[in-house]
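Chain naming follows the written order as A, B and C, and within any one chain the residues start at number 1.
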């Protein structure tokens, strides 16, 4: 009996199949996961090459690319140039999105509630504890806010979404910057931890009087109530592709080493204040140049043909000149044996 | 996990298995047989045993070496503080450790009476034809994958609990009373108590199945003698059968506890994942397993990783102590 | 009892009635306990079956996992789980049966065997997430890649102690007359074990194999750190591979309705697989142990 099992298993195991042309693995941020998986499906259809993208969180993407267990890492929390150099990584953005606060308040519809960064910070610090707090009612004159206690929901896993969100809070609230700070995983003063954007959305949906933060597409798909946030010029824009694009428009692309760009509180009438780009990390001197070339070839293809898909999922593609800039960076930075790993084909 | 019958007492095995494997038996020509083939097989099977022991040793060593940095750095404060701050690289594991212990023991507290009741019902009270099917039904509970429990907990139990237990209680209780502090917590059903409920449902079938096998092993002459004296079923069970299996039963209980301690998936969905020390039963918390599952793939700082592995070591030690006690009490008479 | 007390009939009747009352309460409580257990089962199964069947269609078995809002199924996860469970089972059975044989035959009665049995029980109950951590440090980090092989090894480490225990239990139950007869015919020890005892324990060994399968087919945590996952159908052992539990975990926590439907369908499939193997295992055990 044992013999039969072994033979059977051996046969199954040798079914490795013909070697696919260029299969590669990436891991990291959940923020862009919907668009990366959509691109991967289309890319397989177009070229037969498979991208295996696993959304384990930005921290996971950084960790696994440093350990070289994946071919690229994806992160919403950009690494600073010092860290990039320390680990021999090159960083480039792919799309821009936004983070939207979601609430569960009886009688309040999506897009009705107005909030500011300061108020949100105070909620997450536990200082604003009721929804009919004067700070909130003052900027929502037309809205009847119930006296429910405020329950905040944050991420339980390390996340670039958290990084962008806490950077915004630290920017708007000195108290937040002093006590909690900004990172992909912080020491939250209060609140529940949900796993992934979905965990947060699920908790908010179930808990009256709660507030959470999610990547934009999760606020659309789950039909939760999203709130508006005041931007740098005092407006309350609706969160959508146009608002994120407005935030990206005035960013200093190409001027910051390592592409460390934060789109927090950007000027612009329609700019959404909690926007962010999402980034890819690849090794500068890859041990496997063919794999590295496969990664870059994929993103080049995505830059050329993936805009429509991204827009359909409510991400904002990068402007054309920025994409060319990044291609030049690939040629300059990502080399094997002195020659660029990828130069257009 | 199905359950095998308890092993019958060894019947004179000593002679055959005392390790005497070089039997001097002659072959057809009258020459002594060579036991060469037997040596190979013997060493092969011993190697298999050593592989398994090496695995366990390797597991413990990797936990100790990985967690050493955090443990040596924080010392005793690792166990007594509850600040879990990856930004400042300060790690105190009191909350997950307490969360693990509370959920497991509470689960045991909730499951044990029901498990005893089920086992007794199936063995003594229910007609045996139905009992077989009911036993299979109870074991079905053990066969449901833990992720299903997690999903059911998050999507079904939590909202129900929030709406039908937490909210009414919060409205009915007088503000400022001790009862209010006991049940304070966000009314969304994701808390220590509901996590314990799910764990209780998960360990119930294990304990019930083992107790049932143990009760079935009570010699029938003892039961019949008691009935012959006119005892009611309650008296037979409480005075004769349960005391007879008490020692092994405690071991079975500890096995159930061990299962609850290590459970990851079901708990992660529903415990609320807050690193703060839980303030009440209905407050969210975390367990060691859920913390590791949530943070391991993403932890980037060396100290963070080391702290998580140190947590794993703590969990291993707690489980080890529980199982060791169970084994000592259960002896070898228990099924899986 | 009241035999030696000079009581009146009323007191006797009172005691008797009280005992009867306690008994009824007792019966009621045990019945209630069983009802609670069955109710829990019914509630969980109802959700699982209703939502699982709603997500089932032929695509689940023919297509790999979809991008959001596209059609797809669980083929890559089903195949991945089967491959990794197979690897895990092969390794676990090979090592576990040999180890169990040693415990039952060669080492029985020695101190080493007692220690080994104890440690084996520890391994059975070790939290599966720690096994995942261990295999990550052993097979993923040094080799710079998540792989199906690492996933298979993690599953093997989970199943090994179960196989060892089951093998030892069933072999010890074989009567010594079999062993003595074999040796009297001139076979050496190993020959006796392989040709006679193993053959006699066949159904018990099969049960052990089924129980190991049931143990590992629903495990998620160890696979998260070892085989990672793969949205495409893959047979390569050195690459990440999808598995049912990890895919279900990912889909259940997602924002998309069709992903969640697939998650329930997958959960139903796993539950059916585990329950079927448990039932077959039980049936075989009942067949081989003559009570």
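FYI, a contact is a pair of C-beta atoms (placed from the backbone, for glycine too) under 8 Å apart; a residue touches a chain by one contact, two chains touch by 3 or more.
Owing to the predicted nature of the structure, the values given are computational and were not obtained by experimental measurement.
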Task: Most remote chain, CA-based centroid, reference being chain C - done: A
Open item on the list: Can you identify which chains form the pair with the largest number of contacting C-beta pairs?
Closed with: B-C
Open item on the list: Based only on mean CA positions, could you tell me how far chain A sits from chain B in angstrom?
Closed with: 38
Open item on the list: Centroid of chain B to centroid of chain C, CA atoms only: how many Å?
Closed with: 14
Open item on the list: Going by the contact rule already set, what residues in chain C reach two or more other chains?
Closed with: 94
Open item on the list: If a residue has to touch 2 or more other chains to count, which residues of chain B qualify?
Closed with: 297
Open item on the list: Residues touching two or more other chains, restricted to chain A: which are they?
Closed with: 56, 195, 199, 202
TODO: Could you pull out which chain A residues touch chain C in their complex?
DONE: 1-2, 5-6, 8-9, 12-13, 15-17, 23, 25, 27, 34, 37-38, 40-41, 44, 50, 52-56, 67-70, 195-199, 201-202, 217-218, 221-222, 313
TODO: Spell out the part of chain A that touches chain B in their complex, as residue ranges.
DONE: 56-60, 62-64, 66, 151, 156-159, 180-181, 183-188, 190-195, 199, 202-203, 206-208, 210
Task: Touching residues (chain side chain B, partner chain A) in the complex - done: 83-88, 90, 154, 158-159, 162, 186-190, 268-269, 272-276, 284, 286, 294-295, 297-300
Open item on the list: Per the contact definition, I'd like the list of chain B residues that touch chain C in the complex.
Closed with: 1-2, 4-5, 7-8, 10-14, 16-19, 21, 23, 25, 27, 33, 35, 37-38, 40-42, 44-49, 51-53, 55-56, 58-59, 62-63, 66, 113-118, 120-122, 125-126, 134, 136-152, 155-156, 201, 204-205, 208, 229-230, 232-235, 237-238, 255, 258-259, 261-265, 289, 292-293, 296-297, 309, 312, 315-316, 319-320, 323-324, 327, 332, 336
Open item on the list: Taking the touch rule as given, give the residues of chain C at its contact with chain B in the complex, in rising order.
Closed with: 1, 19-20, 22-23, 25-27, 29-34, 36-38, 40-41, 43-45, 47-48, 94-96, 98-99, 101-103, 105-110, 116-131, 133-134, 137-138, 157, 160-162, 164-166, 169-170, 172-173, 175-176, 179-180, 183, 186, 188-191, 193-194, 207, 211, 214-215, 217-218, 220-221, 224-225, 245, 248-249, 252, 263-264, 267, 270-271, 274-275, 278-279, 281-282, 285, 289, 291
